[in-house]
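We just call them A, B, C, D and E in the order they show up, numbering each chain from 1.
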Amino acid sequence: MNDILLRLEGVSRHFGGLKAVDDVSFSLARGEILGLIGPNGAGKTTCFNLISGVYAPTKGDIVLEGISTAGFPPYRMAAMGVGRTFQVVKPFSTLSVLNNVQVALGLTRYGSVLSSLGPWDTKASRNEALEILEEVGIAHLAGTPSGQLPLGNQRRLELARALALKPKLLLLDETFSGLRHEEAAMLSKLVLGVRARGISVLLIEHNMKVAMGLSDRLVVLDHGRLLAEGKPEDIRSDPRVVEAYLGKGASSHAS
Amino acid sequence: MNDYSITILTFIAIQAIVACGLNVIVGYAGQISLGHAAFFGIGAYSSALLTTKAGLTFWTALPLVILLTGAIGLVLGMPSLRLREDFLAVTTIGINFIVESVFLYVPFFGGALGLGGIPSITLLGTRLRGPNFLYLCLAFLAVVLFLSRRFTRSWGGLACFALREEETAASSMGVSPIRFKLLAFVIGTAMAGLGGALYAHLMRFISATDFGFTLSVSMMSMVVLGGIGTLWGPVLGALILGVLPEVFRPLIDYRMLLNAAILLLMIRFQPAGLLGEGSLLRRLFRPGRDSAHE
Amino acid sequence: MLLELRDLQVFYGDIHALDGISLSVAEGELVSVIGANGAGKSSLLNCLMGVVPAKGGSVTFAGKDISSMPVHGRARSGIRIVPERARVFPRLSVYENLLTGCFGMRNTIDLAGKLSWLYSLFPVLEERKSQLASTLSGGEQQMLAISRALIADPKLLLVDEVSMGLMPMLVDKVFEVLSMLNRDHGLTILLVEQNALASLGISSRSYVLETGRIVLEGPSGRLLEDPRVREAYLGL
Amino acid sequence: ADTVKIGLLVPLTGPAAADGTSALYSVQIALDQVNAAGGVLGKQVELVYYDDRADAKEAVALAHKLIEQDKIAAFVAGSYSLPTRAVAPIFQEEEIPLVAAYAIHPDVTRAGDFCFRNGFLGMVEGKAAGYTAHKLLGGKTVALLTSDNDFGRTLVEGFKEYASKFAPDLKIVSEQAYPFSEKDYKPYLSKIKELNPDVIFASGYYFQTGPLLRQARELGIQSKILGEEGADSPKLMEIAGDAAEGFYIVTNFDRDDPRPVVQGFLAEFRNRHKFEPDMVGASAYDAFMIIMDGMKTAGSTDGKKVRDAIAAVKDYNGLTGIIGGFDEIGEVVKPVQVQVVKEGLFRHFGVVTDPELIKP
Amino acid sequence: MQLFFEQLLNGVAMGAIYSLITLGLALVYGVMRILHVAHAAVYTAGAYVGLYVFSITGSLLPAVPAAMAACALLGTAIERLVYTPLLKYPPFVPLIGSIAVFLGLEEIFRLVGGPYILSFPAEFPFPGITVRGVVISPAIISIYAVSAAVLLLLWFIVTKTELGLAMRATSQDREIAGAMGINSSYTISMTFVLGSAVAAVAGILVGIYFNQVYPTMGAVPAYKCLALIVVGGLGSLPGAVLASLLLGVGETLLIGYANIPLPRDSLAFIAMIAVLLWRPQGLLGNR
């Protein structure tokens, strides 16, 4: 797997004196599922915000498919094939679940004012959105205003919207948290299916069962810096990771 | 119908046009604007100047007026990209005051004396008056409603809804906040410009105070009262706020008090607007209709 | 019984979120509630706290009917909540957030002692004392929410998915702390949790909630053996 | 109909409410006097009035209402310039005679031959003010301080025209305008204080000039201060207190005029209401009476005939002075009154009769 | 130089008056996130009640507390009857409600007090001071003294008592504030009591200083003070005071020394837009 989709090159992001992300480099191959783990406050979400364009890096560069994207706004990153979910869910609250997904389907239309003049509520877009909702398992809630969903379903909606962007790179920020085992297992299967379609996945997850089970490789951040990188089984037994992150009872989570 | 009711209805139709524009900005794109009267004024003044000083007719001036107002809307809409919510609300109040004082202070705009001698509108060789002028306004209102509806059904409209709800998420879904907020601003202000032009040629004389903050407030009240973000809300709001003072007219001394009281009561008991989500009217006429777009 | 619910009903508009919940928690007990998405777990805790109104049924706390008591009254009689999604005050500093937790009783508790205990539990909170809570990471906000609820020695602690967003090491620590408080200090806890393994592990009794109804209840050890629970919640 | 209907628009709510109320009360006195004397042409007169809030848009709709619904025979414009300008063309078109009470804007009468004005054109009053400052008060230097609206600005224009045409030796040392709802005049006055002009021409409404007087005296400004009809209100004394002593105005009403019309009106007004009558009321009274007089002379309520009768008026014995007549545009020709505040009351100080100045 | 000092004194006095009105708005915004336009009507009510009691008793001693009490009542009534029920709607809904209340109250003042300007002939029981030729009138002295006292008191309440914390917590998450034992409806009402009582003081001071009380006296403050709380940084009390003082002094000096082509009232807004372009969160706001 030498075909590199995304590369972070010495990326830093500072907030005042705080180095939330500090000189981090790693890369993600096409079709890979890469897990991003690390203690609370390690800078994982900040990394996502950098990759998806919500923040610009203070230093360093982010390269997607050979293009340097540092400083690109989120909507350009979306157009370049980055789809993401938010750790703190951000539904379009008064819009129905279906409409939420349709927003994402419009990605190709938002490029110019002219192309955005076509009608959106077509049978085709409805069906496509429904299909995606079916995949994440909330098609029966299509008509509900998204703000009224319980948290677990809002996480699924996040995933549905990201999928609707037909991304090359999918960023999942704790999408599995707040789901019980059965539900998480179903979404894990979905993520594997997505990867089978050639989509790369970058995944933040504190649920080690999920993170270890899904990821081909893991990158561990601590205090904004890269702590370790490697195969799940190596990371699990890496003493630095155990000490900083997993804790002594590691086995109970990572079984 | 007598001349008096026709005049009232004509004003209502014009205000409905302008309120529909405001609805695009506030209701669809979620950008609070309390300075909409400024754009109404810009439309009125530019049409008045083009017809009196540049010798154009209403019809030849109209496209220019709409373009110009939209363009100014584009420029003055810029602050909305940096500011949020209440900051924006107060900034737009500021824009209203500044535009009003420019009309009032710059001699080119007639200064404190206003602009008079604005020609009336002629169509097919006849001067439009009374009912004919009303029909013209209604025709334009129909166009504006049609465009509003088209907008809500376009991807651009959906993009605005998304921005209204959650900007970061919308942006991550490919929606450029700059492009679509400004689009809404341009459409909304252009509609105000159209209304302004009609107003100028109806009144035949305009002055800065016609376009003050109080008017912006009543525009906003129309939109909120009718049902923000709904298609017909602004029209209903304009109708109610246009007719109420006439109903209370015989009460002279208590008229404005009752007016304010009714506005307060309506806001208090139908906060989502008369046609808004879950409102009385809506439940009566469209039971069981789902979802929030339109 | 410290807490007793009878036939609780909660609605959101037309949505019937809780339909006739009856449960009880004895003083010094640690009880957990598990259930699928949308089962009504959060609604249950919020309704106990008084944040969401009940349409019917009764809530008795320490022998007093608190069904019509306003939320701040319930808080003052010793109920605290760690809400879902933390819900820290975004534009208050970390320290000020902690102060809200002991509102009105700053002088009756040992504030300095409490703070140093909480800071030793979550050192990052001390580091970030004067940072605005909105700029904390997800997990850090969760820690703040836990600390805020613990600072004033509650009688009953309602915990809504604490483990969400916490790193594994902290999940262990938080569960340790909860069971320690329960064991050693007699703190009564009602725990809602997706991490069923952990919550069944530390609780003595549990309820399983499905679409607004209690479908299963019993000693946690017995539920751990229940095949339905094992499949849906534990993945065993 | 068995009554003659006269329309009236006055601002009864909003910021101009006080003036509108005064105008309405005065017209009602006129109405009662006419009806007590048997009405006009053997019919009782009925007054139909509405509140226009001094708003042009409202006034336009109401004008249509007066014409269409109430079918009035003539119209008294008892409001400010802004709404009056807006309605004048409407009455002109319907050929209903209009007499403006105290609006000063030239457009009112220019709307056509059915539109008359009993008050002064802004330019005329401004010129009269210039004359007063120059000749009657002996000023060599003046500072202009005006309310920033059509009213204040027009008066200042008139003043400046006088200065440039008739008084090359009158020096205008500063010119400032303050917004309509100003309260704090000290910044403007401090500037004037340094220049120490002989006269300050303060053109604004009483609620502006009142505090302005007070603050000027507080700052220790010694200059003579001259105002105009906008300051002609008993309220001015209340607001300015002692600072009003020795304040001059040019206006459209002489309270010391011994003629019975004047003294009778003053007595009646004071009798009916708790406060002092003012120029706004007097002008509105006259506007109404001029229409009555026109109808009597014409022997008809027909618009055209009444119009002709009003246009032909000569030396009419009005409350606001002897009206020489109306010029071809419809502007009144009569002397401008100059009053001064003595012991808290407006008293006669002089008149401006120079035809060069008072001819519009 | 003497002129400059006169201007400065006067400018600071204007600023102090602005800040008394603006503080109430900032307080209310801080706790409810509502642009409380009707606050200007509360201020007008303060002037009317003050004048009424003064004209009966001939003394300010009962007039000031009476006005403060009446305004506190009016303020909390507005809060209870209009704002609290509308809290869960988008901000423009309570804003329109607020404007309706403002317009309605203006009408009530006109109906009760008459459309005319009333004078407020209170004299101060002490003389002015002359410092090197600059006269400081008793009115200005009172404005300084009263505003300083009120500002200090408010500062103390908001930063040194738990009420301040309760106010801020309530504004950010009312439900959770309640869950922490904060009585949010009491907190909100107290905010209105404080803000409205201060507005009453401002109303009386303005009434005396300019010797006029009239129905629409709130019209200019209603929007100008909105600009001020925005410039200060929405909800920031020190910001509101700073912005008020800057505007008071700035306006006065600009009119006194420069011939600005635009009216004074639009200055506030031009300044506001300039400040916001430079600092979108306002002078002392954080976001």
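Simple rule for what comes next: a contact is a pair of C-beta atoms (placed from the backbone, for glycine too) under 8 Å apart; a residue touches a chain by one contact, two chains touch by 3 or more.
Chains and their UniProt names: A = Amino acid/amide ABC transporter ATP-binding protein 1 (HAAT family); B, E = Branched-chain amino acid transport system permease protein; C = Amino acid/amide ABC transporter ATP-binding protein 2 (HAAT family).
Just so you know, these numbers come straight off a predicted model, no measurement behind them.
**Student:** With contacts defined as at the top, give the pair, A-B or B-D, that has more of them.
**Tutor:** A-B
**Student:** Report the inter-chain centroid distance for subunit B and subunit D in whole angstrom, where each centroid is the mean of the CA atoms.
**Tutor:** Each chain reduced to its C-alpha mean, subunit B and subunit D end up 36 Å apart.
**Student:** Determine the centre-to-centre distance between subunit C and subunit D, using the mean Cα coordinates as centres, and give it in whole Å.
**Tutor:** Distance between chain centres: 75 Å.
**Student:** Averaging only over C-alpha atoms, locate the centres of subunit B and subunit E and give their separation in whole Å.
**Tutor:** Each chain reduced to its C-alpha mean, subunit B and subunit E end up 31 Å apart.
**Student:** What is the distance in Å between the mean C-alpha positions of subunit A and subunit C?
**Tutor:** The mean C-alpha positions of subunit A and subunit C differ by 29 Å.
**Student:** List, in ascending order, every residue of subunit D touching at least 2 other chains.
**Tutor:** Residues 12-14, 148 of subunit D each touch two or more of the other chains.
**Student:** Check each residue of subunit E and list the ones that touch at least two other chains.
**Tutor:** Residues 107, 263, 265 of subunit E touch two or more partner chains.
**Student:** Among the residues of subunit A, pick out those that touch two or more other chains and give their numbers.
**Tutor:** Subunit A, residues with two or more chain partners: not present.
**Student:** Can you identify all of the chain pairs that touch?
**Tutor:** Touch list across chains, by label: A-B, A-C, B-D, B-E, C-E, D-E.
**Student:** Okay, in this complex, where on subunit C does subunit A touch?
**Tutor:** 12, 15, 34-38, 42, 84-85, 124, 135-140, 142-143, 161, 164-173, 194, 196-197, 231-235
**Student:** Given the complex with subunit D, which residues does subunit E contribute to the contact?
**Tutor:** 3, 6-7, 10-11, 14, 107, 110, 115-119, 121, 135, 137, 206, 210-212, 214-216, 219-220, 251-257, 259, 263-265
**Student:** Using the touch definition up top, name the residues of subunit B that touch subunit D in the complex.
**Tutor:** For this pair, the touching residues of subunit B are 2-4, 6-8, 11, 104-105, 111-114, 116, 203-205, 207, 209-210, 245-246, 249, 252-253, 255-256.
**Student:** Help me check something: in the complex, which residues belonging to subunit A touch subunit B?
**Tutor:** Interface residues on subunit A, with respect to subunit B: 52-54, 73-75, 77-79, 83-84, 86, 90-96, 98-99, 102-104, 106-111, 113, 115-121, 143, 145, 161, 165.
**Student:** Which part of subunit A faces subunit C closely enough to touch in the complex?
**Tutor:** That would be residues 15, 38-42, 44-45, 87-88, 148-153, 174, 177-183, 185, 206, 208-209, 244-250, 252-254 of subunit A.
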